[in-house]
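Two complexes are shown next, each including subunit A; its partner changes from subunit B in the first to subunit C in the second.
And then the complex of A and B:
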C-alpha cells in the first residue's frame, strides 16, 4: 500500500515536471515562426466509388487519382500543358504518331517495380477493349495501338486525328498511366477502390463514408510534396462543410455560392470564385407525348424566368448560360439568343399547340439548388396555365435515370453535368443519338448534330472547330429541347496557412500542388 | 351561525359547465397550454384569413428579408412570406399529427384488446410483432418505409401511425389483461355474452382512458417527428409549407438569414410546449392516481 502511494507521488511529480517543461516551451512559441502544417484536411463533395481511370465516376475520383498517379503530360499550376512522365516527345506532321521517351528510374509505389513503356501500352490500350467497354472509351477512340520500342521509348499510333487528345485526354484522368502489374494482380473490383501510382502521394487507406488518407511518397522522383498526409473527408452537405471549415476541422473545401460573402468577410479564409465548365439546364423530354409539340416547348421556354432562378439559387453569383458550351471554351456561342420571360407569348404558343390544360412532372435531385429552381419553375409555369408536380429524388434515384432507358419516364427535369476540362466535345458528347437511353435525357436525336460532333473531334484547326460547335448549338437551340440556365462557378475556401491550386475547368483541386505556408 | 358564501368568479362558473376541460384550464400551466393549442387550432381553421399572402407567392427581389411591415416575420430564400407559410404549415402539422395518432390509437387499441383478451398464442404473436416494430429506432423505420413508399403526406401519416402504434397496443393489452379476469366479465361470459360484445361494451370503455391520455401526450412528438422527416426531405412535397421544410430551407441559407430557422424553430417549440402543458394538465385531471379525485 505504502509502495503504491510513493509510486503515485513520483508519477505526479514527473508529470508536473513534464507539464512545466511544455509550458515553458509554449511561452517561447509566439516569438518563433510557426512551422508549415504537415497535414492537410480537405473535403470531397462525395465519397469515391470507382477510381479506375477508365471508369471514374466523377470529380472526386479524379481528384484522388491525379494526386497519386501521373501521365505522360499534365497541366501545371498556370494551366499550361507540360510533359510529366514523358522526358521527351515528338508529334509527327500528320499528328497521327507521338514518339515519347519515359523518365528513367521512376518507381511505382508499394514495390510494383519501375515504370516502363509496357505500362503505357497497357494503360491506353485497355480503353480499346469492347467487353466491357470502359465508360471513357471515347477518349481513346482514335488510338490504333501503342508501339513499344524499348523499355523507355514508345509510340502512340492513331488511326485519325483527335482534337481532344491534347486538351482533355493526355493531361487528364484518361491519360494517367497505371501499373500493369498492379492492375493485373488486383483484378477489376479492387482497382475501383485502390490505386498505385508514381505520383507524390500514396493512396494509404479508404474508410468508406469517413475518409481517404494519402501519405507522402518518400521515393517520389520529382519535388517532394508539401504535406506528410492529406486526409480527404467526404461531405455531401455544403453547409456541414462550411461549419467544419469554421470549426477548423477542414483546411480546404468547396462551398455553396450563397455563402461566398460570409467567407470573403472572414480574414481567416481565402475564397476563390472560379468560372467552371459545368453546365446546368432544364430539360424537356421531346419524346414525351405532352412535350412532342415544339409549340408547347416554346411556351415553357418563354414561361421560365431564368434571372429569378439565378438570383434565388445563386444570389446572382452565377452567370446566365444561353447555350451549351460555356464562355472560355472553344465553340462558345457569344451571340446565342437570350429568351426572356414573356407570359403572353408563352400563352400564345400554348394555344397554337391547341393545349388547354397541361400537367407536367418536374424531376430533380433533392438539393437546395435544384429545389429552388423547381419551385420557381412551378410558379412560373402556373402563370402560363401549366400545372407542375415536383418530384425531388435522392442522388442515387435521380442519377439512375442514366441507365436502361429509364429516362423515357421523364417529362421536365433540372440537371447539371460537369465537364472536367475546357473542351467543347465534352459538352456535346452526351447529346448524340447513341446517348438516348443513357445521358441524353431530352431524348433529342439529330443526325446532323451527331455528324458535326464526330467532325468536331477529328478537326484540329481551332477556327474550323469553333464554327462546328456553334453550328451544333444552333441546331440544339432550334429544337427547343431545353432551357439553359447557368455555368455554376465553383467556390473554394482555403484556410489561412494553406495554398490551394485548382485544375483548369475549375472542378478539381490539384492536391499535389497544395502547400502549407 | 351564519355562513357567507364566497363569490364565484363568472369565468369559474363557465368552467364549471365544461367538464374536464374546465379542470384543465383551472391549472395555470394547463391554461397556458390550452391557449397555445387553441391559437394553433385557430391558425389551422382560419389559415386563409390569417395569412396575409398565399404560402407559395414568391417575391424574389425581397428574398431573405428580415421582419418588416410588409413581411412580419421576413421572407425565405425565394421571397415567400414566412408568417404565411408558418400559418399554413400548422395545417400540415395538425393534418399529419391527428390522423397519425388516430391510426396508431385505433390499430394499437384493437391489437391490444385482442392480445390481452384472447391471450395464449395470439397474445404471443402480437407481442412479438410489437416488440419487432419497437426494436427499430422509429426514425430509421420511418425512413426505410418512406424510401419504399415514396415521400408524400399520406405516406408520412401511415408511417407515423405504424411507428407509434405499438405503444398503444402495449398500454391497452396491459389494461385488458388486468380486467378480463374481473368478476363482472366472468358474469357476462356465464350469461352467454359474446367475446365481441364483452370487448366493446365492457372492456374497451374501461381501458381506453390511458390510451387517450397517451394520444394527447404524443401529439407534440408526432408534430416534431413529421417536421424531422420533412427536414430530411422525406416528408411533404414542395411548395407545401411543412414546418420541417421551412426549417430545412432555412438551414441551407443560415449564413444569409437566420429568420427562417428562428421562426420555424420557435413555432415548433411553442407547439410542443403547448401540447405538453395541456397533456400533462389533462393527465392530472383524468388520472385518479395523480388527482385522487376523478377518472373516466
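And then the complex of A and C:
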C-alpha cells in the first residue's frame, strides 16, 4: 500500500514536470552577454485585439500602433503638432489641399521596402471603402482622394475643410501610414495582430494574454529610442498592477485614483495625474414619460451633491466638470454655471411639475466608482422625495444600451465617455440627433446643436470654433439633460530612473519617447 | 473495464454536446451585444452586422451547435472574430499553465494535507491534534485570493524574494518555477486544510472498524495497521475529492490568475464572458469540461489501483 501511495504521489509530481516541459519551457543554458539589454516593462490595461489602424478597438492598440508606426505628422513631447514622415508640407488657403513631400530613404521594417506616396494613398483611402465602412471612417470623411505626384511627393485632396484632421486624425492612429505591400500580403485577419511600421520600435511578438514584445528598430531613420526592448503586459486589474509596481516588476503603469497617496508617499515612484479628455455624467432620458418635464429634471439637478460624489468616489482627486468639453480642449466653457445642491429649490421644481411621487431607476456599470455615485444619488434624491431603484450591470450588458434603440428603456444613468485626443468634436459627436438609439442616451435631439456640430468640424479658425462649442454647451445646459460630474484624471506611475510621456488627452503613453536608465 | 471505458466515452460525448447546447442557448438568454462590446462605440452598423453574422449570432442555436460540432470533427475550435486568430491558439497557449498550476497546487495539498490528517487521526485529542484542527480549519476558510494577496505582499512587495506576476522569462524553467511558487501555494492552502480534515475523519472511522480491532488483537504492530491497512482505505474518498478538485481548478483559478497576472483558462473564459465573445467562451468551457470528465475518469481508475475489490463496471465497492 505504502509503495503504491508514494508511487501515486511521484506520478503526480512527474506529470507536473512533464506538463512544465510541454509548455515550451525547456531550460536554456545561460550564455554570457556583454551588457544586459535595456528593457522597459509597462502595463497595458487589457490585451490587444485589433491593431488595424482603421478599426482599433481601444487605447491599448493606439499605444502599440503609435510606437511602431508613424504618420505624416505627430505630437511631440510638449503636445505640439510637428511633421514626422512629411519632410515639407503646405496647406492651401481654402484648407482643401495639403501638399507634402516624404522623407527620402525611410525603410519599412521587416524588409518591406521604402516608404513612398503609394503607401500614403493606400493608408488613407482605405478609410473610404464602404463594404463595410471601417470603424474610423468618419475620421477621413472629408477626404476626396490622395494624389500621387511622384515617389515622394503627393497631395491630400479634401471635399470640404475638416478641423479635426489636425487634432485627432493626422497626428493620431487614423493618420498612421501602413505598408501597402504588407497589408496586401497579410490579408484582413493578420493585420489585426501583426503590424509593420517605419517607427523606432518593431512589433516583435504577441503572446495572447501574456505579453507584447517591441524591439528596437536598428534601421530607424530618426534618433534611436531609449530601450532595446519594451515588454507590454496586459493586466486588467489595477490592484494587481499596483502590486507588480511595488514588487519592482513593472516600470510603468496606470493605477487607480484611490492609490495615488500611497505611491506619492513612496520615493521609488513618480506619480503623474494627467488631466484627461474623459468625461462622466449622470444622464436623464428626456423622452422618458417620468423625465419629460424639464422641472423634474431641474429638481434632480438641484438634488444631486456632486462634491460628495467626487469626495466619496475619487478621494477628491478628480476635478468637478460643469460642462461637456474638458479643460485643456478647445471650446472649454470656463464660465459654465455650477449647480450646487439645494433641496428646497429641488422640491419647488418638483411641485411646479405637479409631481407628488416619483420612482426612477438608475442604471450604471457595476464598478466601485459608479456604485458609489449611485448610492449618493439614491440618498440625495430620497431627500427630495424621489425614490431611486439601483440597476447595476456588468460592462457588456451596460454598453448594450448603445445598440438597437435599447436606450429607450433608460431613465437615470451614470456613464463616462472619453475622447481620443483634445478635440471638442469628439465630445459633441455622440449627442447629435442621429446618435439617438445609439450613444445619445439622453435621447436629446436639438437641430441647432447638430448644425453647430457640423459647423464646428468644418471651421478651421480656432477662435470661431471655440465660440461654436461654447454655444453648443449652452444649448446642452439649457436642456437640463444631464448633471456633469467629472473629467477623471488618468494616473500614471513611473519607476524612478524612467521618464514617461503621455499623449495629449491623457489616455495613451507615448512609448517612443520613454527614457530609462 | 473495457465496457466501463466505452460507457464513459459515450457519456463524455453526451456531456460535451450538452455543454455546447447550453452555451449556444446562453447567447440568446444573457443580455449584452457581443458585436458592440467587441467593436467599441465607433463601429458602424454594417461592421456590427458583419461581426454578428461571423459569430453566428443571427442564426438559431441548433445551427451554432451543429457548426461547433462540425468544427470539432475537423479538429478546430473555430476562429476568434476579434483577432482573426484560431481560437486554439489562445486556448493552447494558456492551457499548459493552468494544468501546471492545478497539478502543483494539488500536489502541495497532498504532500502537506495528508500527513497532517494522518498525524491528527493517530494522535486524537492531543494538543497537536487541536493545533492541527485550528490550522486546517483556518486554511479551509481562507479564500485563495486572500491568501494570494497576503503572499504577494509578504514575499513580493516586502521581502522581494519571489516574483509577483506573470510566468517568467520564456525558456527559463527555474524562473518559471519561481513564478509558480506563490500562486500554487495560494491555491493549495484551502485544499491543505480540507484534505487534512477529510483524511483525519476517514482514518479515524477506519481505525474503529472491526478488522482493525482484529488486527490489533492478533498482535500486528500499530504502524503496520495504521499505514498499511487503515490508511489505504481511508484514502479512497480523498482520491475522489482530488479528482473533482483537479477538474474544478482547471477553470476555477480565475482569482489567482487575476491577482498574479497569470494567463490561464479561468481568466481566458472570464475575459471572454466580459465582452460576450461566445465562440471563445464555448471553446474554453468545452476544454475545461473535457478535462473535468477526464480527471474524474482517472480518479475512478485510481480507485481500482488502490483497492482491486472496487469494480468499475458494476459501479460498486
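Here, the second predicted complex is superposed on the first by the 480 of 517 C-alpha atoms of A that agree within 3 Å, B and C clash if a C-alpha of one lies under 4 Å from a C-alpha of the other, contacts with A are read in each partner's own complex, and residues count from 1 in each chain.
Heads up, the rule we're going with is that a residue touches a chain if its C-beta (ideal position, glycine included) is under 8 Å from a C-beta of that chain, and two chains touch if they have at least 3 such contacts.
Values in this document were obtained by computation on a predicted structure and should not be read as measured data.
Q: With the two structures laid over each other on chain A, which partner does A:210 touch: subunit B (first), subunit C (second), both, or neither?
A: A:210 sits against subunit C, while subunit B stays out of touch.
Q: Per the contact definition in the header, classify A:378: touching subunit B only (first), subunit C only (second), both, or neither.
A: A:378: touches subunit B, not subunit C.
Q: For subunit A, which side has the bigger count of touched residues, subunit B or subunit C?
A: In the superposed model, C touches more residues of subunit A.
Q: Report for A:135: first if it touches subunit B alone, second if subunit C alone, otherwise both or neither.
A: Touch status of A:135: second partner only.
Q: Touching A:394 in the superposition: subunit B (first), subunit C (second), both, neither?
A: A:394 sits against subunit B and subunit C alike.
Q: May I ask you to decide whether A:193 touches subunit B, subunit C, both, or neither, giving the answer as first, second, both or neither?
A: Touch status of A:193: second partner only.
Q: Let me test your reading of the model: by the given contact rule, A:78 touches which partner, first (subunit B), second (subunit C), both or neither?
A: Touch partners of A:78: none, neither subunit B nor subunit C.
Q: Using the superposition on chain A described above, determine whether A:357 touches subunit B (first), subunit C (second), both, or neither.
A: neither
Q: Pick one for A:267: touches subunit B only (first), subunit C only (second), both, or neither.
A: Neither partner.
Q: Once the two structures are fitted together, what part of subunit A is touched by subunit B and by subunit C alike?
A: Residues 239, 394 of subunit A touch both subunit B and subunit C.
Q: Give the list of subunit C residues in touch with subunit A in this complex.
A: Those residues of subunit C that touch subunit A are 30-44, 46-50, 79, 82-85, 89-90, 93-94, 96-97, 99-100, 103-104, 106-107, 110-111, 149, 152-153, 156-157, 160, 163-167, 170-174, 176-177, 227-229, 231-232, 235, 258-261, 263, 267-268, 271, 274-276, 302, 305-306.
Q: Quick one: which bits of subunit A touch subunit B in the complex? Just the residue numbers, please.
A: Residue list for subunit A touching subunit B: 238-239, 242, 256, 258-259, 261-262, 308, 311-312, 315, 366, 368, 371-372, 374-376, 378-379, 389-390, 392, 394.
Q: Note which residues of subunit A are touching subunit C in the complex, please.
A: 1-2, 4-5, 8-9, 12-13, 15-16, 19-20, 22-28, 46-47, 49-50, 55, 57-58, 131-138, 188-190, 192-193, 207-211, 233, 235-237, 239-241, 243-244, 246-250, 393-397, 399-400, 402-404, 417, 430, 439
Q: List the residues on subunit B that touch subunit A in their complex, please.
A: Contact set of subunit B toward subunit A: 56, 58, 60-61, 63, 77-79, 233, 237-239, 249, 251-256.
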